[in-house]
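In what follows, structures are represented as structure tokens.
Two complexes come next, and they have one chain in common, chain A, joined by chain B in the first and chain C in the second.
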Partner chain A sequence: MNKQLEPEVQFDCISIGIKLYDYFDGFKREEIQLFSYFSSILFFYTRNPINDGDWKYKFIIDDKGFPFSQELNLAIDQHLVNGHFEEKGHFFTVTARGMKVFNDIKDFNYFSNREKAINAACTTSILVSYEKTERALLNDKEIKRKVKIEKNPLIEQEFIYQKVLEISKKIGAPLDDLIIPAVSWINYLLLTEAENENE
Partner chain B sequence: MNSNTGKYNFLKIEKIIIRNFSLFSKNNSVIEIQEEINNGVYCLAGANGLGKTTFLNIINYGLTGLVLKPNKEVFSPAEIIDSNKAYTKRYFNGRIKAKDYDIAEIEIHLTVNNGSFRIIRGFSNREELRLFELYTIEDEKKISIIDTSKNSPIELNNKYEKMITNEIGIGKFEYFIFFQLYVFTFDENRRMLFWDDRASTSALSIAFNYDLSDTDKIIGLKRKMEKLESDGRNARWQATIIKNKIQDLIKTQKKRKENNWEDLKKQYDNLFSKVEETEETFKNIEIEYNTLLKRQNIINSEILQQKIKYKRLFSQYSEPRSKLLNNPYVTLSKNENKCFLCSSSGHYIIENIERKLHLDKCPVCDTVLNEGDDKEQDQLLKQIREVDKKISKKNSELEELIFETETKKAELERAEYNYYASQEALSEFKKENSNIIFDKTGDKPIDDLIEEYQKQFNRFDKDSKQFYKQRDKIRPEYENLLQKVNLAYKESEEYFVPLFKKFAKSFIGIDLNISFKMKGKDIMLYFEMKGIARTESHQLSESQRFFLDIALRMALAVYLSNSNNEATMLIDTPEGSLDIAYESRVGNMFADFVVDYNQNMMMTANINASQLLISLAEKCGEDKMQFRRMLDWTDLTEIQKEGEYLFEKVFNNIENALKGNKHE
Partner chain C sequence: MNENELLTNICEFYPIKITRAFDNDKKAITALEIIGKELIELFNFFEPAHFKGKFFVIKNLDDNFILPEKDGQLITLNKDILLNKNNDDIIIQVFNDRNLFLWEGIDVSDFLTAEKTLIYKFENDKEFFIANKEEINITEHSYGSRFSNEFWELDSILNKYKNSKIRKSSCPIFNKAWFDKNRIFFKGGGKGIPEDFMQQSLKNFLDDLEIFKGEIGQFEPAREHILGASKPVDIIVTWGKSNRIALIEIKWLGKSKNKTGKIKSTHTNSRANEGCSQLKDYFELAKTDYPNKIIKCYLVVIDGRRWQTNETTQTISLCNGMHYSNKDLEINADKKYWETYPNMEKPTRMFVEPICENN
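Here is the complex of A and B:
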């Protein structure tokens, strides 16, 4: 068995897995990683600094330009072994047992603020479209900048969060509703992506 | 030439023997000094540091039991002993080695009024004599006058003091001490009678009187008056201090009135209680704040414990088939990457086994597995839920607590600010009103305090006046006695004044006049030079003052001594304080004293002897002067040896002078 995984990373993994499975009937490893990363940024909105602390695990940018966390990768394996996830061709699906486990734990206070962030991140992918969300996150100017300087750099989530916050304030998004800042952020990234390409 | 009919029979020292006095040692053994003292001038010469001054001090110690403290003060006869006895004890400590201390002694042979005294005094106890003999010589036979065979050393001393006082006729042994040490001795401290009010009063009242009991009264009354004056002065001083205090209080009172003190005091009290109040609030909030911080830590630690529990339970929950997974056959397969059943090998083997172990049925026997597992999982889930609730509850509690702490912190900052602000306000107020005392108004109103001080002042004032009144009561009697001294002086003027004038003129070269004056409580001799009174010491050069003082003493000695009982003056290295121009004149003055009036002189001289000694020697001749060198008294240092060698020439000159003018 690999090193003992934190409850949070196991929760994030199954929660994102279920949502992506609900919306798109299946998901890939890198998609779990990407949405966990997106959630980790939105988490700065929802978290209670006193109780929750930080996201518990960090991401690097892998060779394909995707965020990657080894903890999350191990959690996917764990869920596969436990029979919560099932591999079907190039995708993963969530088993009935996986559904039951998630239903059992989804209301735990322990994860409630993470769940809010995950929910907002995954909902965005429907509101904006999955492709756009993915493209926007992967083409974040800040991430691109870091990749240029260093191979597989560590993502500074708080720095990106500050940017999100700045945009949200500019457009006057209410802070209590997480979906609006999330969507605004993706749109902003898409806009700057277009500007970047024009440049 | 001597026709003295003075009132006192002064003593003549005949022989000095000093035994076991460690200072006088040669080749590590102490020398016994034996000196026959001739009539006229006995001059002891030697280099510095050989012990000339000590020699004179030993003689005075032998006679009086005292060595004077080295200062300029002249004590009254009644004070001399008490003021100098402690110093006397110390004086010989360094000069006599400890081993010799008890055996060291001075023996003096002296004559007074036809009686011969022989005394031996040890240096270890000034109040004792080891031997005292009083005898006359008839037909070369020694006839004892008193029997001292059964007397203790203290009794011998008492007897000696009594007998010598009687023989001299001076009334009291302390007057003898006074004359011997202050009038007839002119030592290196250069004390002077002319310019010292107290000394001259004592000396003159002993010298000029009809009855010695008058002298006694004068000295006694003078001391009494001085004491009353001192007491009166002290009481006056106390009264003045109290008066100043009263005035300060009156000033404060006035200031208080001017400044509307009552209002200010009220303001002060308010500010003061404000400081106390804010301080208390601040301290209380601080305690509350610290309690909240402590509580936070406790809850945080509780949450941490629960989270650890949560993690442990969740970990168990997330591995539902751990029993099957930890089966030894499965573990073996995992370790060897080989199926334990069919022995097939490959990386997929263990993944497949593990996945199948999580299915509802046993992959080997198809038995349904879920039931027991679900129960276990449900149990775990229940436990996790409980921990989750606890953590959540604690988290809310913590949140509330943090909010409360933050609020308290703001409250604390306010309280702290208020406290320091009130302190500042108080100190500002104090600064502005620094001339007013707020802290110590006391229970006693200021008026009471003034009244109390006034009482004290009155008491001291009364005491002071009383002391002065008492002194004034004594004064007529005292002044009457002084008048008697004045009268006695006037009667003797005819003889005494020319004596002084003669000595003074031989020294200073011009005619001087002296007159008797009463100055306050004291009597003094003033002298006039060229018709102008010289009353202050700074009006003359130092040399002039010294030798005029010696002239006065010589005149007193001549005037007071009875014939055949002439005085002996002890003079320590006189040339040391003399201008060269006066050297031979002083020699002449000394010679007059010895030759013309048959008086005696024991003097010491340094090796660089001067014209003083030559002219003295010329005038005195061998009969009237003996010149002794200290060469054999002690080991000489190189410098002293060199000095003595140079002195040889001078010595020969003096010897020649002595031989060249034989006195008839």
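Here is the complex of A and C:
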């Protein structure tokens, strides 16, 4: 808890939390992790490598098969301690204070590309459905393959991004938009899911 | 599936079809995003499965009014007026600033062919997008909307509960409701026996589901109403943000025995009819207590009926044990409230199999 967290990870955490709360009435730790991971892949679309650098934190695959970042986990704890999130049964919700904090920072230019990526990732869960988005991301063939070889492997986001980009280009998706690449990628994972199971 | 088939399938997905219908205009993607988010918000006040008219949400790509502004009503801050809409055709236009205008009683042909406009349509439990005059079916559930599936999800969960926990008495809490190991008689004779086991079993099942975001509790009618209700409804599920509550009443059919092995109660088909009436009463109370909530009422009937049993029965043949397995409940015409009230679901019968003798 004493570790100084980067502002990016705190921003991602509250931005995703608010969207999942808005759309689905609550969220869990692993859902914040999952959507941050998906956002980190889409972020490559937007980033200016000179100004934006990288996503700032990495993910491993945890024992339950979810992407996990220790920094993000600490950020969730910090938002709970600061009263931005609160626990309600099995789920977290965002408090009025949390909403205010996000409203104060959401338009900072510094976070704008992260916000675009987060928005696309979370909007996918509306357009495709939350259950399917989660299932698709967790059953990604590359992730499953890595888990078989290694315990808690590190996810190579850029490698997955290249595949998202390839699919987007092949279907002729507009390159200045994130939502169509995001929903196409999820759809691709769902369509290939059955084939993966048979392998 | 080869690569071409895969790509063709991806392109059949509705967001991509919409974008293509508008020649990859980025404003179409924004319109889709805005409508999707707005539907989630609007369905906090409006249950499509209860609605008998046509419901449209439209977004003009250039943010112009599609219908005369003077005939519309700004509802951005009072979406709750949708709570009591059940029949009339409703048209809502959403704007980039998330303002919402409502029109009623408009001829739909006035806007269905509007240029540069994305239209969402809900009618008869089917949903569509109309993109540049191309109708795209996006129906995913047998009723209601893919953008608001609380009741549909609860229905699916009850079915799952029936098959995975009740049919074979696989739930250890429910299993305690049986008097005998062959599951011929329920326990009876104590306060809340065997009902408490059944209620607790379903509560635990809902509580343990990681995906289920409803909150489980008990319906406590306001003080003046408890005088009219013989007992509280068994389970209430509330969804905080989506403004919905579900009332679940559980009834059981079959025979129960007290500790000494005497038949305590015999509950027949008429018990299901009583349950229908009771649930309708709860619905009326709940409407008064929760005037701003969207309510759905479920009657769960645990069917433990066995054919030709008496106090001395200890084993049962397959034929007698399964006699009622496919016999649906007979609900009197005046108790079929689900035919009149969209808020009342048809009873869900859950037959529980006994352990039968080898034939």
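Basically, the second predicted complex is superposed on the first by the 196 of 199 C-alpha atoms of A that agree within 3 Å, B and C clash if a C-alpha of one lies under 4 Å from a C-alpha of the other, contacts with A are read in each partner's own complex, and residues count from 1 in each chain.
Everything below uses one rule, namely that contacts are C-beta pairs under 8 Å (C-beta built on N, C-alpha and C of every residue); 3 or more make two chains touch, one makes a residue touch a chain.
If you're wondering where the values come from, they're calculated on a predicted model, not measured in any experiment.
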Partners on chain A (chain B, chain C) - clash or fit: fit
First (chain B), second (chain C), both or neither touched by A:N82: first
Chain A as apex of chain B and chain C, Cα-centre angle in degrees (nearest 10): 170
First (chain B), second (chain C), both or neither touched by A:A96: neither
Contacts of A:F108 with chain B and chain C, given as first, second, both or neither: first
Touching partner for A:S184 - first (chain B), second (chain C), both, neither: second
First, second, both or neither for A:E6, with chain B first and chain C second: first
Touched chain A residues, chain B compared with chain C: C
Touched partner set for A:L154, first chain B, second chain C, both or neither: neither
Least Cα gap, in Å, left between chain B and chain C after the two complexes are fitted on chain A: 22
Chain A residues touching chain B - in the complex, by the definition given at the top: 1, 4-7, 10, 48, 50-51, 78, 80-83, 97, 104-105, 108-110
In the complex with chain A, residue positions of chain B that touch it: 303, 310-311, 314-315, 318-321, 351, 354-355, 358-359, 381, 384-385, 388-389, 391-392, 395, 398-399, 402
Interfacial residue positions of chain A with respect to chain C in the complex: 21-26, 28, 88-91, 93, 123, 126-127, 129, 131, 167, 170-174, 176-177, 179-180, 183-184, 187-188, 191-192, 195
Touch list for chain C against partner chain A, complex: 1, 6-7, 9-11, 13, 15-16, 19, 24, 26, 29, 32-33, 36-37, 40, 140, 146-147, 210-211, 213, 215, 239-242
